[in-house]
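Could you have a look at this structure, given as C-alpha cells, before my questions?
So that you can tell them apart, the chains are marked A, B, C, D and E in the order they are listed, and the count of residues begins at 1 in each.
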Amino acid sequence: MLQAFLIILQRDLILAIRHRAELMNPMLFFVLVVVLFPLGIGAEATILERIAPGIIWIAALLSALLSLDRIFRTDMEDGSLEQMLISAQPMSLLILAKIIAHWIITGLPVVLVGPLLALFLGLSAEGIETLFFTLLLGTPVLSAIGSVGVALTVGLRRGGVVLSLLVLPLYVPVLIFASQAVDAAAAGFPTAAPIAMLSALLLLSLSLTPWAASAALKMSVS
Amino acid sequence: MIMRFIYQLGSPPYFYALSGRLLPWLSGLCFILFAAGLYGGLVLAPADYQQGDSFRIIYIHVPAAWMSLFVYMIMAFSGAMALIWRIKIAEIILINSAHIGAVFTFLALVTGSIWGKPMWGTWWVWDARLTSELLLLFLYLGIIALYSAIDDKRKAARAVAILALVGVVNIPIIHYSVEWWSTLHQGPTVTKFDKPSIDTRMLIPLLLMAFAYKFLYAIVVLLRARNDLLWRERRSQWVATLFSKEGA
Amino acid sequence: MFKSLPAYTKSKRLSVKNLAVEKQDRWLFQNINFDLQPKEVLHLEGENGSGKTTLLRVLCGLTIADEGDVYWNDVSIQKQSYDYHLQLSYVGHSDGIKQDLTVVENLRVAMVLSRSIYKVSDKQILGDILKNIGLENKEDTLAFHLSAGQRRRLAFARCLLNDSALWILDEPLTALDIKGIAFIEQAIQAHIERGGLAVITSHQPLNIKNVRCTRLNLSAVA
Amino acid sequence: MLQAFLIILQRDLILAIRHRAELMNPMLFFVLVVVLFPLGIGAEATILERIAPGIIWIAALLSALLSLDRIFRTDMEDGSLEQMLISAQPMSLLILAKIIAHWIITGLPVVLVGPLLALFLGLSAEGIETLFFTLLLGTPVLSAIGSVGVALTVGLRRGGVVLSLLVLPLYVPVLIFASQAVDAAAAGFPTAAPIAMLSALLLLSLSLTPWAASAALKMSVS
Amino acid sequence: MFKSLPAYTKSKRLSVKNLAVEKQDRWLFQNINFDLQPKEVLHLEGENGSGKTTLLRVLCGLTIADEGDVYWNDVSIQKQSYDYHLQLSYVGHSDGIKQDLTVVENLRVAMVLSRSIYKVSDKQILGDILKNIGLENKEDTLAFHLSAGQRRRLAFARCLLNDSALWILDEPLTALDIKGIAFIEQAIQAHIERGGLAVITSHQPLNIKNVRCTRLNLSAVA
C-alpha cells in the first residue's frame, strides 16, 4: 500500500522533472499573470497594494487550473488509467498520491514565490505572513478539488473548458476565506476564523476527494 | 421500513403510477397557494413604511432565492441516493432539477437586481451574497454542461451526481455570507430562530408563496421526470404494456 | 524461463451469464454465455466492430454490461473486485505505457500496481524479463522512442510480473514481428500449462499447441 | 483553394458545435474569471471601476490562452495534422482557416459579452465603447499569435504551460495598447493612436502568423 | 469498382539515394538505395524497431533524413512538395481521423485536402466508397464510436479518393478482419495494375498476385 503510494508519487514527479520546462512553468506562469496586472491596470501604488492579495490568489487559482489536466489526461490517453483501475491497489490511494504530486509541482512553488511577489506589490508584513499561511493551507485544496473535476471531464474528448466551468465555482470558497484572512491581517484584525475554515476545507478535501475522484474515473473510463 | 419504501419508490413503474396519482393534487394545491399568497401579498399586506410598494417584489424574490438553495440540496440528496443505492429515479430527479434550479437562481438574480435599483441605487453590487448566488448559477450551468457533454446518459447521471455532492460546500457559504461579511444585502429577517423581524401580515403571504414555489417545483420536476423515465425505459415491458393499455 | 514456474494456486473458473451490451440503441451482443475452466483458452472472433473489445472490457470490470454479469469462481466480479484484479492481467488496444518513462521505470510501476511477486529492486529479474521480451539493451530508453512493436512487447510484459491466473489480451500480436509472435505464443502456452486461463482476440491465427481452445464468434451472436 | 479554406473552417466549427457545451464555455469561463475579481479583491465601487478594463482584458487574454491548445493539439494526436501537411493544399491557408475558426469560437463571444460585464463593473459609456473596439481589433490578434505558440509546442507531449510562457509575453503589446485606449477614452482623451496601433497589429499578425505557424508545425511534426 | 478505373497519367519513378537516419547517436539505417518504377511494390521488412516507420515518414517528406534524399522523377521531393503531395497518399500508424466528426464528414475533409477527383457533394460516390470499405450504414456515426478495425478502414479510404500514383502504407492490415484484409489486397492490386507505386510495411504476409514486389529488409542494413 505505502509502496504503491510512493511509486505513483515518484512516477508523477519524475514525469514532471523529465520535462524540465514543465517544472519551472507553473511558477513562471504565476509570476507572469501577476505581472500582467500592473500592465493592464496601471501602476498606482495605493490601488496595487489594496488588490495585491486578491491578484496573487487569483493567479494561484488560475495556475492550478491550467495545470489540472495533467493529473489524469495523459494517463487516460495512453491507457495507464485503465491499468490503475484494474490494479490490485486501492484507487483512492493512487489518486491521493497523484494529488500530492500535483501540489508539489504546481502549488508549492506558488506558496514560496507568492509572498515575495506580494512584497513587490507593496503588501504589509502582517499581510504577507497571513498570505503565506493561506497559500499553504489553500493550494492543496485546489489540487484536491481539481482532481475531481478532471476525473469527471477526462472522458470527454475536449473537456478543457468544461473543466474550468466545473472547478472554478468550487474554488471560490477557498478564494473568499483566504482573501478575507489577508484583508483582516492587513487591517490588524484577528484571522483565526477564516484560517480555521481553510484548515477545515483542507482536511475535508484531502479525505473526501480521492473517493469522489475514484468514483468519477470509473465512470469516465467505462 | 424506510429503506423498503425508498426501494419501492425507486422502481420505475411504481414511481410512474404514484406520481401520476399525485400530480392532480399537487397542481390543485399549488394553484390555491399561489392565489392566496399573491392576494395576501399584493392586496392585503400593508405597504412598507420605508420602501412603499416596491417591497412587494419580496414575494417573488425571496421564495425564488430560497428555492435556488433548496433545489440544490434536493439534487445533492438525490445524488447521494443515486450513487449509494443506484436508484434510477434519483438520477432522473437530479438531472431534471438542474434546469429548474437554474431558472430559480436566475429569477432570484433578476428580481434581486430589479429590487436593488430602488433600494441601493444600482442594479448590481459585487457583495458576497450576490456574487455567490451568481456562482450558484454557474454551478447549475456546470452541471447541465457536464450532463450534456457526456453521450451515455447513464454515465452522465452518475458524473453529475458526484459533481452535485462535491458542490454542496457552496450552499452554507451562500447562506451565511450575509453574516460572515458585512454586506449590503438584507440580513436574515425571516429565517431567524427567534421572533422574525417582520410584520405577520407580510410574513404569512411570504410563507404561502414559499410553499407555492415548492409545489411548483415538485410538479415540474415530476412531469419532466416522468417523460425522461418513459424515454429511458422505452423498451422495457412496463412501458410497452402502459402504452398498449392507453392505445386500447 | 517458462519451464521452471510452479502451477497457479488461485486459478478459478470464469463464467459469464446472459451478457448483453447495447450501443447506440442497438444490441452489440446478447445472451453471451460461457464457462471457462483453468487450462482453457477462449478465442474471441468476429468481424471488425462486432464487439470484441467491448466484451473484454466488460470481463475486466472496466465497463458494466447492460444485462448479465461476469463471475469469478461463481461470485460476481463486482463483489470481489480486489481479489479479482489480483488475478487479472489485461493488455488492451492501448498499451498503458507512459511515454516519458524509461522502459525499466514503466516495468517498476507495473510491478507495484499488480503487487508483483518479484522485488522492484531485483535487477536480475528485471533483466530476465527484458531479455525475454527482446528489449534487453533498451532499459533506459524512453518509451516514447520505442517503435510500435517494441511498445507492444513492453505492454505484454505486464502479464509476466505476477501470478495472475487470468490473462485478457486484445490483439496481442499487432505490430509484432515473427519472433515477437512466437514469443507470445510460447508465453500463453506456458501460462495455460501452469493452470491459467486466457481470453484472447486476434485477427491473426494463434498457434498454441496442446491446449483446449474454445472459439466464440461474436458476429454470429449479433 | 477557397474550398479548402471553407471546409477547414467548417470542420473546426462543427467540431466545436458538436460539443455544445464547448461552444458556450469560453464565454462562461470569461465571465467566471471576471467574477472572481470582486470576490478576491472586495467590492469597492471606485476600485472596481478603475480596474474594470484591465480585468476584462486580462480575462479575455486568459480565455484565449486556455483554449489555444484546441487549434492544433487534437489534430496532432490523431494524425490529422500529418495529413494536412502532406495534402495538396497550401498549409498556411489551412492554418488561417483554423485561426479564424478559433476566433469565432473564443474571441467573438468575448467581444460581445465583455462590454456588458464592464457595465456591471461600472465603467463609463465612453470607456465601454472603446473597450468594444479594442476587443474587436485585439482578440483576433490573440488567436493568430497563439497559433504560432501552439504550433511550436504541439510536438512536446505536455506543453500546456510552456505555451503560456511563449505566448503571454507576445500578448502584452495588445494588452498595453488596449488598456491605454480605454483609459484615454474614460478620461475623455483621444484614442486614435492606440487604436491605430491595434489595427496595425491585427493586419500584421493575420498576414504573417499563418506562415510562421506553418513552418513551426513542419518542425514540430518531424 | 476497381475494374473500370483508367491508368494513372502522372505516375513517375520514386528513387532513394544513400538514405541514412540517425537516432540517439546510432545509425538506424544507412545507405538505403532503391528505385521503384510504376507498377511495382516495395515491401519493407524488418524486426520491430528496425526503422520502417521512420523510413516511410522520410519518403513522405514529414521527416528529413540525415543523409541522402528522396527523388520523384529524379527531382528531390523537397523541391516539388506541391506536385509530390498531389501524387501521394499516406496511411500511418495513427489514422488521421477526427473522432468528433462523422464518417462522411471525415471523408469530405479528406477529399478536399487531397483535391479529390470526385465532387464533395456527390452522394453516389461517397456511398460507393463507404460500401467498399464496409462502413455502409455508419455514414453518420461519429468516428469515436468506431471499433479499431473500422477506423483503420476509414483511414485507408483516403487512398481511394484521388488519382494519387504513390501509396505509402504503414501496417495497413492491423486490426482488420479477413474480409478487410482481402479488400485492401485487392485495392493494392488494382492500384498497381493502373500503373501506381506502393511502399508497404506489414508483419503479416501480403497476398498480391501478378505484381513485381521488391523486398527490402531493414534489419539487415542496420
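A few comments on the model shown:
Everything below uses one rule, namely that contacts are C-beta pairs under 8 Å (C-beta built on N, C-alpha and C of every residue); 3 or more make two chains touch, one makes a residue touch a chain.
Because the structure is a prediction, the values reported are computed rather than measured.
Using the average of C-alpha coordinates as each chain's centre, B ends up farthest from chain E. Across the two candidate interfaces, B-D and A-B, the one carrying more C-beta contacts is A-B.
A straight line joining the Cα centres of chain A and chain B is 32 Å long.
Rounded to whole angstrom units, the spacing between the C-alpha centres of chain C and chain D is 46.
If you average the Cα atoms of chain A and of chain D, the two centres end up 25 Å apart. Averaged C-alpha coordinates put the centre of chain A at 37 Å from the centre of chain C.
Within chain B, contacts with two or more other chains are made by residues 128, 135, 138, 141, 145-146, 149.
The residues of chain D that reach two or more other chains are 19, 21-22, 25, 28, 32, 39, 74, 77, 157, listed in rising order.
The residues of chain E that reach two or more other chains are 93, 99-100, listed in rising order. Listed in rising order, the residues of chain C touching chain A in the complex are 57, 60-64, 82, 85-86, 88, 90, 92-101, 105, 108-110, 112-115, 120, 158.
Against chain E, the residues of chain D that register as touching in their complex are 3-4, 7-8, 11, 14-15, 18-19, 74-75, 77-80, 82-89, 221-222. Chain D contributes residues 19-22, 24-25, 28, 31-32, 35, 38-39, 43, 45, 48, 120 to its touches with chain B in the complex. Within the complex formed with chain A, the chain D residues making contact are 19, 21-22, 25-26, 28-29, 32-33, 36-37, 39-42, 47, 50-51, 53-55, 57-58, 61-62, 66-67, 69-70, 74, 77, 156-158, 160-162, 164-165, 168-169, 172, 175-176, 179, 183. On the chain B side of its complex with chain A, the touching residues are 83, 128, 132, 135-136, 138-139, 141-142, 145-146, 149-150, 155, 158-159, 162-163, 165-167, 169-170, 173, 180-181.
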